[in-house]
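Look for chain A in each of the two complexes below; its partner is chain B in the first and chain C in the second.
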Partner chain A sequence: MSILYFIAIPLLASFLTLFFKNYLRYISVAINAILLVLAYFIIENLPITENLSFDSPLAISFVLTKGSAFFMTLFIGISFLFSLYNITQNSRRDIFILTNMLLIGVIGLVLSGDIFNIYIFFEISSITAYILTSLNRDAKAYNGAIKYMIIGSIASIFLLIAIITIYLNIGTLNLITIGERFGYMGANTQFLVLLSLFIGFGIKTEIFPLNFWAVDIYQATSSKINTLFSSILSKAYIFVFFHIAYLWNVDSKYLLFTAMIGVISFGIAEVSSLTSKDTKRVFAYSTLGQLGVLFIGFSYNNITIMTGAIFLVFMHSITKLMLFLSLDILEQRFGQSSIEIFKQFKSPFLIIIFIIGFLSLLGLPPFGGFIAKLTILSGLAGVGAYIMMGAILVISLVEAVYLFRLLSYTKDTQPKVKISIPLLQKAILASIAFAIIYFGIFPNALLDISQQVASSIIGGVHV
Partner chain B sequence: MFNFAITSLGNLFFVLSLTVFVSLWFIKRDNIILQTLLLTSLGIIFYANDLITLFIGWEIMSWSSYFIISGKASLQTSQKYIIFNLGAGFALLGAIVIIYSFVGSFLYSEIVFNKIPIEFRTPIYILLLVTIFIKSAIMPFHYWVVDTYEESDHLFSVILSAIISKAGIFLFIVFFIKIIGYKYLQSNLFDIVAWLGVITSIVASFKAISQDSMKRLLAYSSIAQVGYIVTILAILNGSGLEAGLYHTIIHTFVKLLLFVNIASIIYITGKTKFSELGGLLYEYPALFILLVIGIIGLAGMPPLAGFNSKFLIYTTLLEEKKALLLVAVMFSSATAFLYCYKLVYGIYLGQPTHSKESYQKLPNSYYIAQIIGTLILILLAIVPSLAIEEFNTILISLGFKPTDFKSLFELNGGFASFNGGVIMSIFIAIFIVILLIAYKLKNKTRKVKDRLDISYCGEIPNPNINLHYGYGLGKELSRIGFIRVILTNSSKRYWEQIRVVTEDSSLIIKQFYNISVQNIGLIIILFFTTLLLIGVQ
Partner chain C sequence: MLDSFNQTPFLHSVITIGSFLILLIGLVGALSKKNLFKIFLSLAIAESSLFIYFIGMHFSIGKIAPIVTNKVTEFSNDMVDPIPQAMILTTIVIGIAVLSLALSFIISYYKLTGKMRIDDMNELGEDK
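Up next is the complex of A and B:
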């Protein structure tokens, strides 16, 4: 079976749905389900490399390793749950097409074996994200979309600078070949390439100080769409960025730099969130913070830390999916998203969902986030990075301040508005919550997978 | 991942918790599910056999108790509670992870402390001590305690004071004795710990006297008592451990008794302050007697069991020749008498300052909890070595020499011992004699009909003067220089300062996320250029 199906099927489906407008939502969910099944069967014979017959430098190659397979499956799974959630709502139809397009973009990103393809899918996913931002069709949304587009194009320019420099100096765009010949470039050229890559991907992975645009975008769009940004898009960019870094065997100083940036990003985001007055902004800051932790986790060339980071990718993706979807329910009911809505809603179910989500974000047992944090911290202590470990612990405490404040708000004695949630959405949220608890108590299977993924990322493409 | 082991130490602490929970079981209250979760988490902590299981129990304890507290307490108080306790948890996690990075195992039995380099030992001790200090409310980490005890549900304060503060003590014993072992500890650091404990108890005792709220008084008293336990454990020997464990048991049941007693008064009258109460002796003599038993236990006076643990604490300090520490502990104990007096006088004695019409009828279940506490205090007073027998198995399992005792009635404190049974019988005999005399004299006393029917330094008081002595008790103390320093200062300002600084920096940093798109572009280009200039060789 060809891995091209994972791009071709949703692409074809997106065109087909134009002719079956009434069945669009069902087709979309079905496509996601089919992709999940395909992913299940293809995982058995890894790794797979496929080249489309062009000559170099335009050879299009796709590589499915354990690393990219994990991320691809995660994205398909989240997209499946997301579409399923939208099926019952009176969602606009374009949301399904755009989700499909986004899925094509991120799957292409993680599968691409050459840097020019990465650029193409980088653009596809970015453009989809711009449109998704403007989906609300009000002034705020357009403002956000234009902002996103301008900053996004700056990111593309830097990525393009890196690609051009590489091609001029080495004459190839294949990731592995670049890795083999990376030393041929002069020290300054190497530095320019890595720096441009860092700026290009840093903007997209929402890392300080390149993330000042991100919170506004989260606020401009509806909570639902934020799920896609937080759980899928940023994770794909992070994977590609570090996948490239390990393939090219970059200098350890560079990785130390990204780790430092990660911890600063974590701290700045969590402190900013303290006085935030809007739930979407709070969750956005929290996402920025967790992405900072992921940056730390991916930056150490160490199997334990990387395992924890992969575990965190999974936990954070599903947790943020659950939280943003719950927030979406509240936002639709109240028509706004200020933190005051936490004082006004009455729904024991949603409160339990928020409690589980927040405690998992904080890394408290017995929830999944704890295992991720524990693995990362013990890995950091293992390599002697005690200051980094301490920083993560202290900053987590800041995170606790605002998350527990939101939980305290639910105990407020204001007159409450009862929230009714459709059964399917309830089931989706409950199953994610169950998964968070399950992987917190029985983490071994997922830890095992995470370890294989981690060794695949650290060890290069053929492992 | 989960490893459990049934140990005598775990048994002791779990049975203590279980007894308190069972005593409160008959009283109708909310949050049964969360309280069961809390008890489960305590079980996980006490029976854990590896560090991760311990940590899991610890954090579940923190957040489950938070959800119980936040139901009643104000936003600020519950925030304070969870931040301090999560801070404790994260410090514990830091220590665990550092230990793991050298030892390579989380199992208690596989942790060989020799493998940890010397320069990493002190940070580990400090992280663990921060955890213990926060949980057991040693200054300056006690900031969360008093407000939490005051504002949480009256019956949940019992659990907070009687059990949850003991989790810190348990952690002290498990880490410093069981896992690390006394021989690795530096005595310098633990001298400081012992002094912190006793200073905490002195300061908290004086603070307790000056309180007008009953629950705040008991909260400070709880801080003071747990301070002794930390002091005596920091002596780092077998008899210190024994005295600490004994005081743990006594304090658990004394606080069970006193907090439930206060909860009964609040249930009956709806009042929480001494200045609003007084003269309840005639209506509720049974509650009065229970309270008196409680404060005799609290003050550590014979014939009740409170004396046993104080006796062991004093003899241990004497044996170790820690004279200054002994004086400080005694001073603090003496101070405890004053606030004990305030409890009796403020609530039960003096003239009533309130109307009795709005009184609620007290359910019998409130008495059950207090009677359980009383019975245990009396039982341990008569047969003090009943507890020592249990401690001996703990001492042996931790590698100490067990204490010998001739009979169960005798408490052996090294170079001194006493017989609890004899003391109790003498006391009862004298008590009966006094009771008889009082009964004889009863007819000669004059009963005061009106609360203003007294002469007061030659003045006739008017109805607006609060004649209730408990009202002003403690005010005169502030004339003494060092006590005034204690009473007027508080760690509050430092913690508040930290909060204000963090929030202010949040407001400043947040501005970056509101800037316009051209400035963001500018920042990105500037960042790129700066890095380029730094990095190019």
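Up next is the complex of A and C:
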């Protein structure tokens, strides 16, 4: 079976759904389910390389390794749960089309073996994200969308500079061939390429100092859409960014630089969140912080740390899916997202969900986030990066302060509003919570997969 | 003397300097202008400098376009590299799509709020 189906099926679906307006939601869920089944069957015969039209250096190539397969399956799974969550609500119809378009963008990003194709899918996912930001059609949403477009256009200009410099100097666009010839470029040219790539992808991965806009974007959209940004989009960009870095065997100083940037980003995001008065902004800062930890995890060329980082990608994606969807229920009920809503709702179910999510984000046992952070920290101890370990532990304490502050608000004695949640949404949230606890207590299967994915990313394409 | 203008190295240096200046104009405009239309226009200018640079650096005097016609029947070394041209065509299309989307957002935003300057955009923030 061709791996192009993973791009072609959602692409066809998002155009065909225009003709089935009333069944749009069911088609969307069905498409995601089909893709999940296809992903399950294709995983057995990895790695797969597929070339279109010519042989390798000239052709457009798509590569499915253990690394890209993991990320692809994760994205399809999250998109499936997201569409399922939306099926019962009277959601706007275009959200399903845009979810499919976003899925095309991120799957294309992780599958491309060709830097210009990465640019194309980078743009597809960005344009979809702009439209998703403006989906509420109010002044806030357009404000966010315009800011996002300005910063996104700058990102794509810098990515284009990197691509052009590479093609002018080594005459190829194929990622593997670039990796073979990357050392032939002069030191200054390499610096220009890596700097442009860092600016291009750094803006999109919401890393300090390029993430000043990100919190506004999270505030501008509804919590539902933030799920897609936090769980899918930023993860895809992080994978591509570090996949490229390891494929090209970049200088270890560059990776040290990204690790430093990661820890600074983590610190600044967590400290900024202390004064935040909007729940969406709090969760956005938390996402920025976790992306900083992921930057640290991906930056060490070490199998244990990378395993922890992959585990954290999985845990953070499903945790943020759960938290933002729970927040969406509150936001729809109260019509706002200020921190005050935590004092006003009454729902034991949602409180339990929030407690599980927060404790997992903090990395406390017996939740999945604990295993992820433990693996990263033990790996850092193994390579002797004690300062980095200390920094992560101290900053996690700051994170604890504001998450527990949110929880303490639920004990407030204000008159409460009872929240009723439809059964399907309850089931989705409960199953994610169950997964977080399950992988916290029995992490071995997922750790094993994470290790294979990690060795695939560190080792190059055909592993 | 005018002959030296018609040489590939001279052409390439003119293109390099010129496109770098255009890139600077675009980026400086995007950072310094306050009107939303002007910001996106500046970004489009910055992007177009990359198109000029990429196509220009792959052109040398005496080479022909990579198109098979009645006279030119097969691809040869006399042609310029077709890959940059295909790439830039794609990029131009993407650029137009992004620009038109941006303009539609600006128009909708203006209809809702009557604001057109980036420093007036105050719907988002900590105390909103």
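By definition in this document, the second predicted complex is superposed on the first by the 458 of 463 C-alpha atoms of A that agree within 3 Å, B and C clash if a C-alpha of one lies under 4 Å from a C-alpha of the other, contacts with A are read in each partner's own complex, and residues count from 1 in each chain.
As a working rule, a contact is a pair of C-beta atoms (placed from the backbone, for glycine too) under 8 Å apart; a residue touches a chain by one contact, two chains touch by 3 or more.
Quick caveat: nothing in here was measured; it's all calculated off a predicted structure.
Which of chain B and chain C touches more residues of chain A: that partner is B.
In the superposition on chain A, A:140 makes contact with chain C only, not with chain B.
With both structures placed on the common chain, the touch criterion links A:116 to chain C but leaves chain B unconnected. By the touch criterion stated above, A:275 is placed in contact with chain B and with chain C alike. In the superposition on chain A, A:396 contacts chain B only, with no contact to chain C. Of the two partner chains placed by the overlay, chain B and chain C both lie in contact with A:216.
By the document's definition of touching, neither partner reaches A:372: not chain B, not chain C. Contacts of A:173 after superposition: chain C is touched, whereas chain B is not reached. Residue contacts after overlaying the shared chain place A:154 against chain B and chain C alike. Within chain A, the residues touched by chain B in the first complex and by chain C in the second are 146-147, 150, 154, 216, 275-276, 281. Here chain B touches chain A in the complex through residues 1, 52, 55-56, 59-60, 62-63, 66-67, 70-71, 75, 78-79, 82-83, 86-87, 89-91, 93-94, 97-98, 100-101, 502-503, 505-507, 509-510, 512-515, 517, 520-521, 523-524, 527-528, 531-532, 535-537, going by the rule given at the top.
Touching chain A in their complex are the following residues of chain C: 27, 30, 36, 39-40, 43, 46-47, 50, 53-54, 57-58, 83-84, 87, 90-91, 94, 97-98, 101-102, 105-106, 108-109, 112-113, 121, 123-128. For chain A in complex with chain B, the touching residues are 146-147, 150-151, 154, 158, 187-188, 191-192, 195-196, 199, 203, 209-210, 212-216, 268, 271-276, 281, 285, 355, 359, 362, 364-366, 370, 374, 377-378, 380-382, 384, 386, 389-390, 393-394, 396-398, 400-401, 404-405, 407-409, 411, 443-444.
Note for the complex: chain A touches chain C at residues 116, 119-120, 123, 126-127, 130-131, 134, 137-140, 142-147, 149-150, 152-154, 156-157, 160-161, 163-164, 167-168, 173, 216, 219-220, 275-278, 281.
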